[in-house]
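Dropping the structures in below, format is structure tokens.
Next come two complexes, and both contain chain A; in the first it sits with chain B, in the second with chain C.
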Partner chain A sequence: MSTAPAATGSGGRATAARPRAARYLRPWWRGRTAVALAFLLPSLVALTLLRLLPGASAVWGSLHHTSLLSGEAFVGLANYADLFANADFRNALGVTLLFTLVVNPLQVAVSVGLAVLYTRRRMAGGKVWRALVILPVATPPAVSAVIWSVIFRPEGGLANALLAAVGLPPQGYLTSPDQALASIIVLLSWIGVGYWMLFLIAGINDIPAELYEAAELDGASPLRAFLHVTLPMLRRPLSFVLVAATVSNLLVFAPVQILTGGGPEGSTNLLMFDIYNRAYALGDMGRAQAEVVVLVAVTIVIVAVQFRMLRSED
Partner chain B sequence: MPNTASDAPARTAGPRPAGRRGRPPLRRVLLGAAGAAVGLAFVLPLVWVLTNSLRPSADTFRFLSPVGWETFLTLTPVLDNYAALAGTSLGRGILNSLLISAVTVVAGLALCATAAFGLSALRFRGHRAVFAVIVVSFLIPFDAIAIPLADLFRDWNLQNTYTGLILPGLGNGMAIFLLRNFFLAIPEELVEAGRLDGLTWWGVFWRIYLPLSRPALMGAGLMLFLFQWQAYVWPLLMGTDADHVVGPVALAAMQGQFNVDYGLMFAGSVMLILVPLVIILALQKYFVQSVSTAGLK
Partner chain C sequence: MRKRQRVLASAAGAATLALVAAACSSGSEGGVDAAIQFLGPEDPAYFEPLIEAFEAEHEGLTVEYTQVPFDQYNSTVQQRLTAEDDSIDVYAVDQPRVPWMAAQGLLEELPEYEEAGRAATTEGQYSTGIHDGRLWALPVWNSTQMMFVNQDALDEAGVEAPGTDPADRWTWERTVEAAEAAQDAGTEWGLLMEQTEYYYQLQPLAESLGGGSGVVGDDMLEQDVSNAEWVQAMEWYGATFEDGLSPRGVGSFETSPLFASGDVAFFVGGPWDLGVFADSDVDWTVAPLPYFEGGEQVTPSGSWSWGINPASPNKDGAKAFLEFAAIDPEGNLASTERQTIIPANTEAAAAYLPRVDELAGERSAGAADLIAHEVENTAVVRPVSVGYAQFEEVMNTAFADIRNGSDPGPRLEQAGGQVEAAWEPLR
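Coming up: the complex of A and B.
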């Protein structure tokens, strides 16, 4: 009631000023929610069916046990308890933790180093060399796995041929329990490092040149300029890269499934592959769903913590 | 407007910014050598794959001991392996990947852009709740829920169908988020002016928002494309029959065979890398901007 006169008033003024403003008299905003929901509906349906529903179904499935005899029965957290008592799962958790703690700092450190290297102004042919590092980014993970499987062949592979050229003995790579995980880290970093470098180069290019000039006037060495200018100014892109790398590396699956099947001796049994194995090779859906819930929860916690940190820095 | 005439000559005639002082050329050369060494190390596997895709399969491992220039280069390239792709499962897979990615980009952009418009141009009661749904949906990593979703898709009879392969690529909360951030920067006065001129909301979306948002649309389109082109878990669960196999799955299946045709495998790998590479290089600028801002805002 109270808004009606105001609306008429402003409408009247608008009419006086511009002839076509007569439309203002019609309460078009009344239909706004309806219009907005119509625009949003297709995506909301898609996201609900394709993301939220399977998430909910994983939670539901993780709390139930399905058997041919008794059908579906609610078992509470028994699947989770079984899972954490399971030696394969605990091994997968350990392998994933080790992998996470190695691959992420490694990829971020190398991509920072390369971003700094390739933003030096006075490098001969810098743009060309930088493009060469970026090229592998286009390789899908499964294709990278296939290519590196040939490179890593213990007999007649490119990697051992290059080692032989510098007089080093051949290595087992994917067939060795000590080297398989490291070999997978290499083939993932070959794609990943160039990708993360792109964001860091963009971040470095956004740093005002005056900061470096001031540092130079103060007599700061390049190392000090990196520590006190580049790194602090790169905080945001760095956090983004660290989280994005962590999440994408938690979900590594193709190289394990294609190359090692989790072996040798369980040394590459990352969580995603363990879930796949549990669901299909072992046919243990309830516990596989519990494992999905654990993986999703870990991912969401990592991302949420990072979002918090970015927010509070503003 | 009157300023431009006096500005332009000042800019060209004025002194160049600082930082042009001479440095010893040795340093330039050393930096260049470091940059070149790293760049070549990264590209070496690709060169090896490309060269062997242009060589008969029998010669794949011929030039490895000892390693020489012929390991990485060939003077007699042949395209036989590429011709042989036609009619193989791998060739079919690459075509399927192209089809699935193309449909996903078009349909996904339509879905994501309309949703972003509904969230940004139209302030409505409850938009926060809707936005929360979208954020939650993209916090859930798709690969992790692929197995429960595959169970649902089997119940819905979508296994080994193009629909089953395409659908998961359409609901992309990240693309919505990115487009919404871009749309929020479009001034409200434009919307009001458009409405006053008699545009419907669809008209505002189609004639004002979309034409102004080409960079963001390209970034979101690339995201939708790469999601499908690089997909492996989902197609492995959903489409492995001869008609619906996708490139990466067909390639991985070759790797497990007893007698591998390496020339063919490398030709397929080159195709699977080349398609996104050309697109990424063309859109590089938009991609970095879009993904980094979407992750930060």
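Coming up: the complex of A and C.
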């Protein structure tokens, strides 16, 4: 409370020391606005070149249809109508929504659990365990995919060997339409949980210890302390993690391309892979760009709902 | 304004200018003096003899090769060339995709090589580079498929192995019986295709039963992939996985190590596997590709052609390299020095094939005659259609699903619908 008036006062004294007219005659490009603009310029240019222009290009392209015989033609919303009439696209949309509904809560819940475990509880070899959880983040996605393709191999894979050890029958994993999406979710969580956990650990470390001491004095159990101290105080980092994980998972591509190619029977055909396949395997750029616009719209809607649900009361 | 602020603000402005300049630049060094940029899916070591020979004959010209993994090759090339990427001069194009690439304007027309190109190879191979009556790519290699037989596995099972003579070609039915016997005698897998989900290797199954290529019509833009013969062929193929003859979790081109380690009784692969299996301790032989009882004897054919990127800034150099690799017998032969593949150049093939028999001593004996017979008598071509790229993508996905247990009839019906939807923008 004390710094703001002092700063204002300082600024006031500096102004009073100069002729008042000089301040108004100074050209705009020598003022604070120009400096702020100059500092912002690289980001604004990058934002325009790398985000806004490609985005606008996708919207424009989605309104056009390219045919080998008739060339390019403006078709309005016909690409969107064709997309929603296409069973493969509807399946991809459904798979993506199901995937989003499962993978994000799962990753965030496990990340919170691990973050609490590694900060609030002292455990033997805690740092080693934490490093092991974080390690997959540093593994390139292609390498992760190859590792898990060996683990999930129906014949002689590690996962089925473990099941056999406890007397359970072998499973199809990536080759089964009923298990492939779940297998991809496990792989992505193996990579993602450690990364999101880092943000939550930082958030938990920022919670004042006095709050836990007060809760303990009031006789709160660890579960009540978690529910009434940790979770409310983690609201901001948790919002970030949930939104960032959602966006990241909506853009998943490499594991699907390497491991399943969207199959079996379209069960892992996430929108990102479907877009790539439509654009570069089938060569249908107009509808692929319409699908990009749909994916961005889906992302914005999901993120807006999440922000609303996690909006702080203050 | 403080001086330091102004300096920093100026630096930010300069950085912006640099960013814009970088974004606007082409990023290519181009020009006739730059190295010829060559893109393909093969191991870079395969091209060292070819590049060395080319550079020795063409003073001042150099070639740089970049490999893109086979699984991502077609889509990566499509993506880069559509974006008018001028950092590619020469690139490999799967032969049935030539019409699609040419129709999109992603291949440079090669009228100056029509005469020499036709004289250098067979008429069938030359025709793979033609679209709309014009030449767009030159064939570099040809291929066929054969069956590799694990003699140890069949000895254990007490089964007499097939010979190399095409007159004694086995049927698929007999092959499955022998494969099951080998599994009963202790070999882990009975039968394995090298390319478990690729049209190239699976097309002959349907063709042998009379199901055709799956593409029909005057303009070759009508699908016929769910006829009774196709369904029958795919039911047989799906059953090899369902019955445990083949493993489901091993993808295309990941299969050869299983045969090389002795875990497979019968392996269907290409001439390139002769070299790959030469280092194996398994006692193997080669046999003709089987056919269905009462059906036709057919084998796959075709391979890679090479073409020139229309956006290339170094077309003269690119043409010199393409001419050397495809039309000059010496260059074409050099492209096969480090890999086992049939040269498309007739003169180079005549010099090359006798070497095939000696690749793996006794084990590869008879391979040269078998390859020559199959190329001449049983080869079927993949459909030459402007929609082949879309057709192949859809079919490969369907094959993967059938391998994983999908019912072939409905899945092929679905694939037919997907092919039609994918072809709609081409009309």
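Simple rule for what comes next: the second predicted complex is superposed on the first by the 249 of 314 C-alpha atoms of A that agree within 3 Å, B and C clash if a C-alpha of one lies under 4 Å from a C-alpha of the other, contacts with A are read in each partner's own complex, and residues count from 1 in each chain.
Here is the rule we use: a residue touches a chain if its C-beta (ideal position, glycine included) is under 8 Å from a C-beta of that chain, and two chains touch if they have at least 3 such contacts.
If you're wondering where the values come from, they're calculated on a predicted model, not measured in any experiment.
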{"item": "Which superposed partner A:39 touches (first chain B, second chain C, both, neither)", "value": "both"}
{"item": "Partner chain in contact with A:88 - chain B first, chain C second, else both or neither", "value": "second"}
{"item": "Which of chain B and chain C A:305 touches, first, second, both or neither", "value": "neither"}
{"item": "In the superposition, chain B vs chain C on chain A residues touched", "value": "B"}
{"item": "First, second, both or neither for A:276, with chain B first and chain C second", "value": "both"}
{"item": "Which superposed partner A:151 touches (first chain B, second chain C, both, neither)", "value": "first"}
{"item": "Which of chain B and chain C A:227 touches, first, second, both or neither", "value": "neither"}
{"item": "Touching partner for A:49 - first (chain B), second (chain C), both, neither", "value": "both"}
{"item": "Chain A positions touched by chain B in one structure and by chain C in the second", "value": "32, 35, 38-39, 42, 46, 49, 149, 156-157, 257-258, 276, 279, 285"}
{"item": "Chain A residues touching chain B - in the complex, by the definition given at the top", "value": "18, 20-21, 23-24, 28, 32-33, 35-40, 42-44, 46-55, 57-58, 61, 114, 117-118, 120-126, 128-143, 145-151, 156-158, 161-162, 164-165, 190, 193-194, 198-199, 202-203, 209, 213, 236-237, 240, 243-244, 247, 250-251, 253-254, 257-258, 272, 275-276, 279, 285, 288-289, 292, 295-296, 299-300, 303-304, 310"}
{"item": "Sites on chain B touched by chain A in the complex", "value": "17-19, 23, 27-29, 31-32, 34-36, 38-40, 42-43, 45-46, 48-49, 60-61, 64-67, 71, 110-112, 114-115, 117-119, 122-127, 130, 133-134, 136-145, 147-149, 151-152, 167-168, 170-171, 173, 176, 195-198, 201, 205, 229-230, 232-233, 236, 247-249, 251-252, 254-256, 262, 265-266, 269, 272-274, 276-277, 280, 284, 287-289, 291-292, 295-296"}
{"item": "Complex contact set, residues of chain C against chain A", "value": "1, 5-6, 8-10, 12-13, 15-16, 19-20, 23, 71-72, 74-76, 78-79, 82, 100, 103-104, 247-250, 386, 389-390, 393, 397, 400-401, 403-406, 411, 417-418, 421-422, 425-427"}
{"item": "Chain A residues touching chain C - in the complex, by the definition given at the top", "value": "30-32, 34-35, 38-39, 41-42, 45-46, 49, 65-69, 86-88, 149, 152-157, 172-177, 257-258, 261-265, 276-277, 279-286"}
